[in-house]
Every structure is written in C-alpha cells, then in structure tokens.
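Next come two complexes built around subunit A: one with subunit B, the other with subunit C.
Let's turn to the complex of A and B:
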C-alpha cells in the first residue's frame, strides 16, 4: 500500500482522479450508456448573419424514415439567460449570427438526423448585419434586439433599449480633465482583440430525457449543473424539483461550459419524444461557432503619469463584441468596467464599458472573464509610459501597482495581496535587465513583463455547500456540487476535508458525478472560486463532523472536548491519553457502560459558504463600498526570440508568480501556471476569422492553431506568493484563470523589446510581425 | 456549411489484387475512391467535398507497404507505406535523408501513423510536404492499369490542385527514386503557424551534389510546396545555381528566382505576398544549409 498522508493541506498530494484519467477509465458524458431507446439530435443552423425567418417547412424532414420529431422556435414561447434573458430556445422570428439554431431534428441515428436537418426548408429575408462593436453601438446601426426593453435582467446590469447596447458600466473617480495637464507623459491608443474559442478537449455534449411523467433528466458536460437546472427549469417551465442535471467529469471547460449554451436544445428536443433520451453533441466545427466564444474587444485607452512615474489619470472606453446573445456576456463587460484600470492605483478614472450586440457567435465566459481583453492594451501602455519617462517597466509597475489597503477605483479597500513580490519573483527568474544574445544572427531576442488582477465576477451572493459523511471504516465521502474540470477541485477539497477531520488524505473520496438530485448546491464552477468558496463550505462541513465526533467521544470518556484531537483517524485525548479509532464509532456510535444503550450515530457534517458583504455599485459612478469579494494578482515575464526573416516568434521562457494566499496543493498551482502560459500563447497567436458576411473561415483544428506541447516554452517557471486571504480556507484564493490573463501583452512587450515594433491588434501572426519589419 | 458529425455511409471493399482495383474503378468511375491512410479522403468525405459510394482499400495489395533499397536500382516505396514507416526506415535515413525529413514533417505523429506517401502524392494538394522532396529526388510514380503498369516522372505527375496525370482506371502502386548521387545533401524547410501539425504555408526542398559537367561544379535542385496550383521545381533558380559559383550572392539570386517561380494565393493561412517572400527566405536558408553539408 502506498504511504498515507497526514495533514495534507499545503502538500503535493496526487490528484484523486489521476489514475482514472491516465488509464482512460474516467467516465465522460458521451461514454454513458443509454440503451437502444436513445435518439440523436442535430441542429439546423442559420447560414445568414442577420435575417428574418419568413417560414420554416419541416414536412420533408419529417418524412425521412427514422426521424422522430422536428422542433422549431414556434414550439417555445420563452427565452433563456443568466444575467439577461435574451436568447430564444430556437430562433423564432429572426436569426442573429451564422450558426443560430432555427430547428432541431430528432432521429434514431445521428446520421439520419443530419440528413433530415438538410431537408428543413427555411425562408429567410436577409437584414443588414453589423460585426464591429463600435459600429454596432452607433444609433443608426441595424438593431438586433428591438425587444431589449422587455427582457428580464439582473438588477446590476443596465441595457439601453432601442440600441444594441446590452450593458453599459460607468466608472467615475476623481477628475480626469483636471489631471491631464499635470501629466508628464500620456499615451492614448486603440487596441483590438479578435474572437477566440476555448477549444476544450471534449466538445459539448448533452443527453436529455423527458419522461412521460414530466420528470426531466439532463446528462451534460457542464461547469454549471445547478445553474443549468435553474435556467432551463425557468425557461422550459419545469419545476426545479422535476429537473435533474447529472454531470460526469468535464474534459476541459475554460468558461465555455459555464451557464447554458447548447444543452437547452437537447431538453427542447427531448420534450418532443417523451420517454426517449436524446443525445446532442457538438462537432469540433460546431464547438467553434455553435457554443460560445470569447468576446472581441475594441479598447480606446488613454493613461498619463507624472515625471516621477506616478500614474495620475486614465480614461477608457471598452466596446465588447457581445455577439448575437449577451445573456452571460453582459457580466463580463461589467467586470471589465469595475476593474478597468487593471492592477494599478490611479487617482482619476473615467471608464465606460459597453457590451454590444453584434451578428457574431455568442460571446460568453472564458478564462479571465474580461481581464485578458482589457490587460492587452493597459499593459502595453504601461510599458510605453515607462519608456517615455525613462523608467524601467518593472520598476514602473512596482511603483504603481495596487497594494494592500489602497482605495481602488470603485472605492473599495484592497484586501491583502503582494503584487510587488510577484514582480520581484518573475524579474529574478527571467534575469530582468540583462540583455541576452539571440541564438542566431537573423534572430532578435527580447524580454517583456506584464502584471494582472482579477476578481471573481459573480452575482453578490453565489453560494456553495458541502456534505461530509463517513463510511464504516472511517473513510470519508465529500459531496460537493462543484465540478472537476481538470483544474483539481476534487483533489483540493479532499485535502481540506482530511486536514480538518484528522484522517489521512487517502481515506477521502469525492462523490461523483455531480448530480443536482443528490449533490449539495453549488452556484457554478467558474470565476476561480471553488478553492475559496467551495473550500470554505467543505471546511465548515468537516468541522461540523469533527465537532460531532469530539462531542461524542468527550461525553463517552467524560472529558472536555477541548482536550481531544483527531490524528490519523484516531481520536486522542491529550489529557488522559486515551484513544478511540474513528472506524469503530463514526457509523455505529459508542456503547454506554455495560452496553446499557448507545450514543451517537452516523456522522454527517454539513457546511455552507456565501459571501454576504458585496454591495451594488452606483449606476452613474460605479462607486460602492465593496465591488467584489477579493482580487488575485500576479506577474508574468517572457523571454523570446523573433526570427526577422520569417516573423516567427519562439517563446524561450515564461516566468509567472501569483499570490494565491495559500497553495493548498502547490503542484496543482504550478500545473495551472504551466497550462495558463501555454493557453496564453494560443490567445496571443491565434484567432477566429470571419468573412465579410460573418461566416467563419477557420472553425476547425486545421486552421485554428492552438499552441501544442511542441510550441510550449522550453522552460515555464512558476513562483507562488502566499499572502493569506481573510476569508479564504487556510487563506487560499483562486488562480485558475489568472495564469493566462497577461500572457499576450507580456509577449507583445517582449516583441517590442526585441524588434522595436508595437502591435495593437491580436493575433500576433508571423506574417503580421514580418510585414511590420519591412 | 459545417462538417458532418460522422462519415456518410459508403461501401467498403478490401481489394485482394490489382486487377480487382482496376475493375472496380472501371465499374464505378468517379463514384469509387481509393483508400490508403484515409487522412485526406475521410476528412473530405466528412466535410462533404466528396461522397463516394464505394471506397476501395488498396493498402493490403502485395508490395504496397514495402520499402526496398538496391544500390543499383535505388529505392522503391510502396504507395501505402506510412509516413512514420518511411521516416524511420534505416536505409531511407541513410540514403534519402531528405525524404525522411519531409515525411517526418507531415501533420502530427498520430496522423503519420496512417498517412501514406502514395496518398500524399495522389491527393495532389499543392501543400503536400513529400512532393518537393520526391520532385528534387527525381522520383517516378509507378501506375498500375489494365495494360500492366507505366511510370510517370514526378515532375509530370501534378497537373492542378487535386489533379494528377493518373487516368481513371489507374492507381499508384509505388514510388521509385534513383540511387542518390555521390556526395549529395538535402534539406526540407517548412513554414507553419506552429511547430507541429500544421499545413505548410510554404515548403522548400533543396537537394544538391557535385557534378563536374556543370559550370558551377554542382547540381542544385529546388522543389516548392504550397505556393502554386501544384508542387513544382524552381527551374530558373536551379539554372542560376548550375552556372554561378556557389556562395552568398548566387544563393540570393537563386532565391529571388525561386520566388519568381511561385504563384501563390491568399488564404486563411497566409497572404500571397507573404508566401512569396517566404519562398525567397526559405530557399536561401535551404541553400545555405545544403551548401554547409556539401562542403
């Protein structure tokens, strides 16, 4: 037997799911068996970016042998959405992007459904389309949602009916106009980011069963089983108790499997064939345009500093291309608004962040949630300002970066963090300030730095809950509603439970799959919030169980519970030195003297966590006592070479440091740092491309090139900084998204350092770099 | 618009002898497609570009997966030899390292376990990575037909994007390469968007050996991929190298001529303008590398 690990918090325990995943026995949604009654669904998608639906004729499709049902927007009256309920179940009167589903075909095989889908005849009347968010925000732009004013919306989101603006966040602090004349250096520029896609290893898949009794079950690869239950129940008129969402392991989410995307179509199709499960799975091509993408951004930003390098003022407009439906995306834009300065203390700020409907794929959550987008421009401007006043860019950042206790842009006091320590770590790791030679005469070498911040972007009150229960042998089941996406959630909660309960790590199991019928509530596995929020709930549940155990044994021994402890699965008394193995008592309880009755019973601990202190922000100024729960901060430095004959960039090294409060499992933090660096490279070098009619040009892995293991830097260096978070379990805060937020601008700054050319627009293709050198 | 979830239905026939293949081709015409690795065929079927009713698997025919080397006759590579098989074959590595290098540059390791040399050539993509190598090694393609077989020089084989000199009732059995000239050296340079697995934006093969009959004392051959409707030789560049003494200036001039031979298009991978200058850059780089190896 392998060695047992006591007190595992802070140790590199192996992942609880390692064996299953390495050996290929881990179960994913598409692996689940459903027997011969299983039907398959395929979607009919719009070929137009913007058009009215004049008619839909499903008769030919229905005649195909094996076709069981065809559903269209006419079959559903409601919309769906998390923050802004703007998305019809199927497009009803108009389509708003190339790929917008207009009908779903259910058949006995995927192939039959596909063939029949081609026979659904849709008559369209094309409308003028708009793709650029700045154009779409103009008063005379073609309107995508004339009914915007009627949509249900969260109380902190502010759409502007009669326009394409689905959210406008305003930040006003100090007086920027008065500050500009005091600036010794000002940089003003426009930066553009294109759409990118998450490219999870496992494409979206959902299986829905609508029973004749109107009980509905949805099996889905999801970061958000509970949010899916909530949103689908509301939109489809199912009582929450009648809708059960079961979610096995998720083969990568990165935000793309947050909220509801294609899953509602599976449920809608299942309603038409009650009693038969219906499987809907996205092809890789559909994954690119038929699920969600990261929103594109146009940022106009102006920042100024004095001669000593103190930032004085910032004015910025962020125009996010929200795509056809902004049900989730509006909150990305709000987050970009209340964090619009990036990780800097700036006394005077004017920020406007707009989410704009465009005839593009649906923009939604993606790792970083607005932060990679805004840091792209901010972090390049900081380098330019430093250069203008003759200061080292790292020193410039040390001077201006946000520090513990600062009153930041929203008026909130910055919780404890140490961003300067992160800058110190990465500059040391990359030999900052030392010019190193390139590997060949036709290459040029450069180094760049970028820093970041990100808060969990959520409603004010997202809850987590957990249950800890013992088995007969004192092994433990931890039940959570948070999902294992590969990020290591199950491993860290097992570590936390073992730590509190005083049992070896190896005794803890995490109940899976997540099942809304049995798992305790969890808002969503998003926002890098699980280690912190679910961690707090698990810690509370384990403490509850622990207290039950100690109270019982103390009573049994007639001792004070304060003198008792649990070590390696044995209750011990520091006073009497008595011992009581957990395995003899956590289910059966303990006998009274002479077996005159028993006390105790199965130990089950409950815990919950919900932040209670976040406030809404003023509509006009974005000011409020507490905008967010906390921020995680970090720094990255990049060392690279540019081949001046081809424009190709080779990343030699990426050094990252993040203040995670407490690394519950340092190896998992370093794994996030490595994965994030490579993901960040993909976000710098590749993008979705569209033709002039909004049709995707590269929705496939042939022409959408993500960085591979071969492209990864020879060295990815990671450092962990630990400034405890006040309400984090053992001080921990999340780091899942932060690790890629500033990679693209760090690369751009290093390219500038190498060749003296700045790039305001992503992606950084070799061709673009080469042409700029000519 | 988008690819199907899976392949459309088709009949699969595993051919047992060459005559059966010819018979099926004659019987079904364009409705029949030959299967080797399937790494292009199945992708095109899934994309809806083609929809054959019958797929004839020819990779089990005698000799299709064999590599034979003879000092006098040279190398014979069965059409269904996989890229990985080719790239790690000891005699290919020793006598035709350029071919091994080109084979090893195709797609990813996993794809190279299926992708075949014959498939790469018959698919006739302008971006075929093995085509420039086979062109500069002066390969000949052995075609089986009802009359027996015939050989076509690689330089005459490619006639357009996806088009070859192969007739409807023919199929590729093998590729023959002459014995390598004494003292030869070669290099294949591929420009992709990332390091592994990409299609070529530009591919350049350079092959050279001493030849006293040439004014320069050397024969240089240059093959280009992804920069014209077909993979091609840069004849004018080769002429420059045959007549001017090797060195920086000659290589620059030859690279210029190679660029002029390229007639690329704009696509989602790169612009024509970038491709052209990359032909020049990679040709010059390839010439320098090969010259270093020759010296």
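Let's turn to the complex of A and C:
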C-alpha cells in the first residue's frame, strides 16, 4: 500500500491523472464509443478571403449514397459570440477568410462526407480583401462587417460601426507631451508579430446528438463546457437545461479550446439528423486555419526615461489583426490596452489598442492573451533605453518595475507582488553580468533578460463553484466544472480539499468528465484563473463539509467544535482526546445515546467564488478603481549561442522565476515554468504564412515547425517566489500562461547581446539572423 | 474496395480481423480493437502521437496500412504494463511529472521504449534524437528526457 499524504498543500503530490495517462486509459473525446448509429460531418470552406455568396447548390452532394444531410447558412438565422456576437453559424451572405465554413455535410462515414463536401457548389463574387491590421483600420478599407452596429456586445467593449475596428481601448494617464522634453533617452520603434497557432497535440473534436425530444448533448474537447452551453444555447435557441456539454480530458488547449469555435457546427449538423450523433473532427490543416489563431500585431511604441533611468513616458498604438470574427479577440485587445505598459510604473501614458477585422483566420485566446504580443516590443525597448543611459538592463528593470501598492496605469493600486525578487532569482541563476565564452570560434554567446505581467482578462464577475461529498469509507469526491488541460487543475483541487478536510490526499477523487448536467458551474478554464478561483470555491466547499462534521461530532460529544480537529480522516478532540473516524459517520451519521434515534446524514459541502470588486473603466481614459482582479509577475533570463556561419540559435539555458503567491504543488509549478519556456522559445520561431490572396501556405507540422526534443534548451532553471495574494487560496495565484509571455523578447535581447543586431519582427529564423550578420 | 482477412498479434494476443484495404493500422487499433490509447494528432506522420511498435520497431501507425500488419507483432501503450505493474518508463514519467495533457504520452512512451530496448544506456543526445518525431506542446521535453534516463538507470524499458 502506498504511503498516505497528510496536509498536502505545498507538497509535490503525484498527479491524479498520471496513471490513466501513461497507460492509455485516459479518455479523450475522440476515444468515446458511439456505436454504429454515429454519423460524421465535414465542413465546406471558402476558398476566398472575402467574397459574397451568390448561391449554394447542395443537390449533387445530397445524391451521394450515405449522405444524410447538408446544412448551410440559410438554415440558421442567428450569430454566435462571447463578447461581440459577430459570427454567423455558417457564412450566410458573405465569406470573410479562406476557410470560412459555408456548409456542413453529414454522412455515414468521414470519407463519404469528404467526397460529398467537394460536390457542394458555391458561387462567389470576390470582394477586395484586407490582411494588414493598420490598412484595415483606415476609413477607406474594404469593410468586413457592414452590420457591426447591430451586433450584440458586452458593455465594456466598444466597436466602431462603419469601420473595421471591433474594439478601441484608450488609456490616458498624466501628460505625455509635457514629459518627452524631460527625457534623456527616448526609443521609438515598430514591432510586428505574425499569426501563430496553439498546436495542441489533440485536434479539435466534437460530437453532437440532437434527440427527437430536443434534448441536445455535445461531447467536446473544451476549456469552456459551460460557456459553450451558454453561447450555443443562445445561438441555437435551445433552453440551457436541454443542452448538456460533456468534456473529457483535453489534449492541450492553450486557449484554442476556449469559448466556441467549431463545436457549434457539430450541433448545427446534428439538428438535421435528429437521433444520430454526429462527429466532427478537425484535420491538422483545419486546426491551423479553421479553428483559431493568435492574432498578429503591429505595435508602434515610444518610451522615454530620464538620465537616472526613471521611466517618464510611454506612447503606444497596438493594431491587432483580429481576423474575420472578433467575438473573443476584442477582449484580448482590451487587455493589451489596460496593461499596455507591461510591468512598469510609468507616470505618463497614452495608449491606443485596436482590434481590427481582417480577412484572416479567427484570432482568439492564446496562452498569454495579448501579453506575449505587447511584451515583444516593450522588453526590447527597455533594453535599448538602459543601453542609451548606460545602465545594466536588469538594474533598469529593478528600478522601474511595478511594486506593491503602486498606482498603476489604470489608477488601480497594485496588489502584493515581488517582481524584484524574480529578477534577482533569474540573474543569479544565469550568472548575469558574467561574459562566458562560446563553445566554438564561429559562435557568439549572449545573455538577455525580460520581465512580464499579466492579469486574468475576463468579465468582472466570472464565477466558480464546487461540491465536496463523502463516500461510505470517507474517501471524497470533489466536483468541479473546471477542466484538466494538463496544467494540473485536478491535482491541485484534490490537494486543497484534502488539506481542509483533514483527510489524506490519496482519499480524494475528482469527478470527471466535466458534465454541465452534473458538474457545478464554472465560467471557463482560461486566464490562469483555476487555482485561484476554482481553488477558492473548493476550499469553501471543503470548509462547509468540515463545519458540518465538526458541529455534528461536537454535539455528539457535548464539546465545543473549536476544540475539535480532523487529522488523517479522524475527528479528534484536543480537550477530551476522544477520536471519531470519519468513515463511521460521514454517510450514516451518529447514533444518539442508547440508539434513541440518529443525527447527521450524508455530508455534502458546497462552495462558490466570484470576484465582486472589479469595476468598469472610463471609456475615454481607461481609468477606474479596479481594472482587474490581480496580476502575476515574473522574469526570465536566457543564455544562448548564435552560430555566425549558419544563423542558428542554440538556447543553452533559460532561467525563469514567477511570483505565484503560494505554490500549492511546487513541482507542478516548475513543470509549467519548463513547458512554458519551451513554448515561448518555440513561438519566437513560429509563423503562419499566407499568400497575397490570404491562402495559407504552411498549415501542417512539417512547414509550421514547433519545438522538438532536439530543440529544447539544455537546461531550464525554475524558481518560485511566494508573495501571498490577498484573496487567493493559501495565497495562490495562477501562472499557467505567464510562463511563456516574455521568452521571445528575452531571446531577442540575448541575441543582441551576442551579435549586436536587433530584430523588430517575429519570427526569428536562422536565415534572417544569418543575413543580418553579413 | 477489398476486404482482407489478416492475423495480427496485438499486445501478445492473436487477433483475426477483416480490414478494408485502405484502413490504416491506427484506425484498426482504435476503431476495430477499441485500443484508443494510441492517438491521432495529424494522420500524416508528422506528430508521433500514433507511434506503436511493429515487430519491435516504432512506426507511425497512421501511415501504415492494417493489411501490412498481417502476420506481425504490434505493441501499443496498452501493452506496456503487465498485470497492473507499470513499466519502469511509465513509472519514471509519473515520478518526473513528465506528463501534462497526456495526448503525446502514449507515442512518447513507445518511442522511448524502443530506444531502451535498442540502447539500454542511451546518452542524452540519443534520447533527444529518438524522441524527435514525437511532438509535445506541454512539457518542454526535459522531464521526459530525464524520465528516460531514470528508467534506464533502473534497468530498462
């Protein structure tokens, strides 16, 4: 029998999902059995970046034996979207990117559906397209959404009807014009980032069943089962109680499986073949272009400091390429706006952040949610400023980075964090300031640093809830609606429940899969919010159960509950030293004296959490008392070599430190830090490429390379800083996204340190670096 | 399309199956035998999620036809543990927290297993090369490499 772990919070307990995952028994959506009645769907996608749909002829497709239905935009009247309801279920009168779905074919096999999809005849009239966000924001640009003014929109998002601007966030603080003359050094530059894709190893997959009774079930690989239920129910006119979303393990999300992307098509197709489940899975090519991508960005940024190295002013314009539909993207751009300075205290700021419709794939949430994009430029400018005034870049950051209690750019007081400690940890780990020799004469070695911040970007009031219930033997089931994406959410909530209940960690089970019919509500598994928000709900639920237990036993013993505790599954009294095993009471209760009746009953604890203090921000200035719930901060330093004969970069070491408040499971935090560092490194070399008509050129894993085992750095050194968060469970705050935010600029700064060349545009590539060296 | 009758040994058990000529080994394992531990990440030989052993050699089962497996021995992730006893590699992956979402893990385990059978004491470089066809977006690979080293120290796959 394995050892039991008491008081697991803060310990490296093994993952609850590891055994299943190493034996191949963990169930993912595509693994679920549906029997011979299962049909398959394929989507018909637009070959044009921008065109009017003149007609769609589905008759030939319907004649193919085995085809059960073909649905098009004509079958649906509504749109769908999270913050801005701008996406038709299927394109109706116009297509807005290469890959925009115009029809869905349902057949008895994937092959038949594929074959029939080719027979759907669509007549298009091509329109001028626009791909660059700066061009698309001009008044004379081709308009993608003439009806923008009619779309339903969240009250903190501000589209500009009559233009392609779906969101414009303004930040105004102090007086930048008055500050420039006082600056001893100013750097102004333009930075560009391409579209990149999440590349989860598991492509999107959804199975929908629309029963004749109008009960609808959707099985989906999703970060957002509840948000999907809400949005699809609204869009398809299904009462929420009739729509059930079941989501097994997710094979990697990184934001790509947040909100609704292709899942609604499965439901739409299932409606046409009631009683038959319909499976829709994305090919790898569709994963690249037909789900969502990280938005491209053009950033014009100007920052100045005085001779002592104090930042004085910043002016910035961010033009995000939102793609064809910006239902989720608008909030990324808002986040980039209210955090536009990066993790710095700057007294005078003018920031404009634009989300712009372009005839590109749909831009949406990706790990970091706007922050990797804006930090790319900011963190390079900070190095340049430091160089101009002759200050060490790490010291420059220590001086200017946000500190606890600062009134930051939105007027909010910075909650407790320690970014300086993070900088100290990474500089120590990388031997900062010590020039080290390259491994060969044709190589150059360099070190670079970058820091970051990120707040959970979400509506002001996203809720979490949890249920904790006992089994007969005092093992515990924790029910949550948060999802296990690999980040370790299930493990961490099990630790929290065990800690509060006083039972061994090994006694706790997490009820899975997430099922909106049975699981308690959770907004979405996004924004690095689960350890914090769901954690608070689980802690509250466990405390509720604990109170019930202690009250019952106290009554039984005629003692004060304050003298009782639960240790390793046994209620003990510090006063009378009596003991009561949980297993004898958590279901059946306790007998009265002489068995004259019973008291208690099955113990079930409930808990919830919702932040209540976030305020809207002023439309003109972006000012308000509380823009966000909190920020997580961190630093990274990189040691690398550039091969001057090939332009190849070899990352020798990445040092990475984050202030997580409290590491509930330190090794899982380090696992995030390592995985994120490689994800961040990989992202610096990734780009989706398109031809001049918006057609994707590299939507496969050979031409779009992600980091492999051969590319991973030789060493990643992780450090954890713990400055407790006021409303975090045991002080914890999230870190899942932060770990990749500043890796690309840290690499760029190290490359500059090695070869003296700066790169304003991603992706980096050996060819580009080699050319720059000539 | 022809249907072929094949005999194949999967995780030690002999199976007789009728498979269409265009069915891949991956489809056969998942859809015919219900062995869903082997994953499909690309159907194109680019991600390694579908890696299985055929006569001891790691192959991308999405690229191999089921009929080609006729008369051969196939091992999938489900065949690595014996009587509930995890292999040294599986234990090491757990011990190092070298699994996150778990979607790459079955293929990764198979490739690492093949490596350790071939080279019981691999260098770090050999491990990296053996796993280069198995993409992982979550872990950053270093923990997986360490897990393979740990398993090697404990005496193999």
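In this section, the second predicted complex is superposed on the first by the 774 of 774 C-alpha atoms of A that agree within 3 Å, B and C clash if a C-alpha of one lies under 4 Å from a C-alpha of the other, contacts with A are read in each partner's own complex, and residues count from 1 in each chain.
Here is the rule we use: a contact is a pair of C-beta atoms (placed from the backbone, for glycine too) under 8 Å apart; a residue touches a chain by one contact, two chains touch by 3 or more.
No experiment lies behind these values; they were computed from the predicted model shown.
Student: State whether A:700 touches subunit B only (first), subunit C only (second), both chains, or neither.
Tutor: After superposing on A, A:700 lies in contact with both subunit B and subunit C.
Student: Does the superposition put A:114 against subunit B (first), subunit C (second), both, or neither?
Tutor: A:114 sits against subunit B, while subunit C stays out of touch.
Student: Is A:283 touching the first partner subunit B, the second partner subunit C, both, or neither of them?
Tutor: A:283: touches subunit B and subunit C.
Student: Would you check which partner chain A:771 touches, where first means subunit B only, second means subunit C only, and both and neither mean what they say?
Tutor: Touch status of A:771: first partner only.
Student: Tell me which partner touches more residues of subunit A in the superposed arrangement, subunit B or subunit C.
Tutor: It is C that touches the greater number of subunit A residues.
Student: Applying the document's definition of touch, where does A:708 land relative to subunit B and subunit C: first, second, both, or neither?
Tutor: After superposition on chain A, A:708 lies in contact with both partners, subunit B and subunit C.
Student: Under the stated touch criterion, which partner chain does A:674 make contact with: subunit B (first), subunit C (second), both, or neither?
Tutor: A:674 contacts subunit C only, not subunit B.
Student: Same subunit A residues contacting subunit B and subunit C, which ones?
Tutor: On subunit A, the residues that contact subunit B in one structure and subunit C in the other are 283-284, 700, 702, 706-708, 710.
Student: Which residues of subunit A touch subunit B in the complex?
Tutor: Touch list, subunit A to subunit B: 42, 45, 47, 98-99, 110-111, 114, 281, 283-286, 289, 645-646, 648, 685-686, 689, 695, 697-700, 702-703, 705-708, 710-711, 765-767, 770-771.
Student: Across the complex, what residues on subunit B touch subunit A?
Tutor: 1-6, 8-9, 191-199, 268-271, 274, 277-278, 281-282, 285
Student: Over in the complex, which subunit A residues touch subunit C? Could you list them?
Tutor: The contact residues of subunit A facing subunit C are 12, 14-15, 17-28, 30-31, 33, 198-203, 249-254, 283-284, 485-488, 667-668, 671, 674-679, 700-702, 706-710, 712-713, 715-716.
Student: Across the complex, what residues on subunit C touch subunit A?
Tutor: 30, 34-44, 46-47, 49, 76-78, 80-81, 86, 90, 93-95, 97, 99-106, 109, 127-129, 131-145
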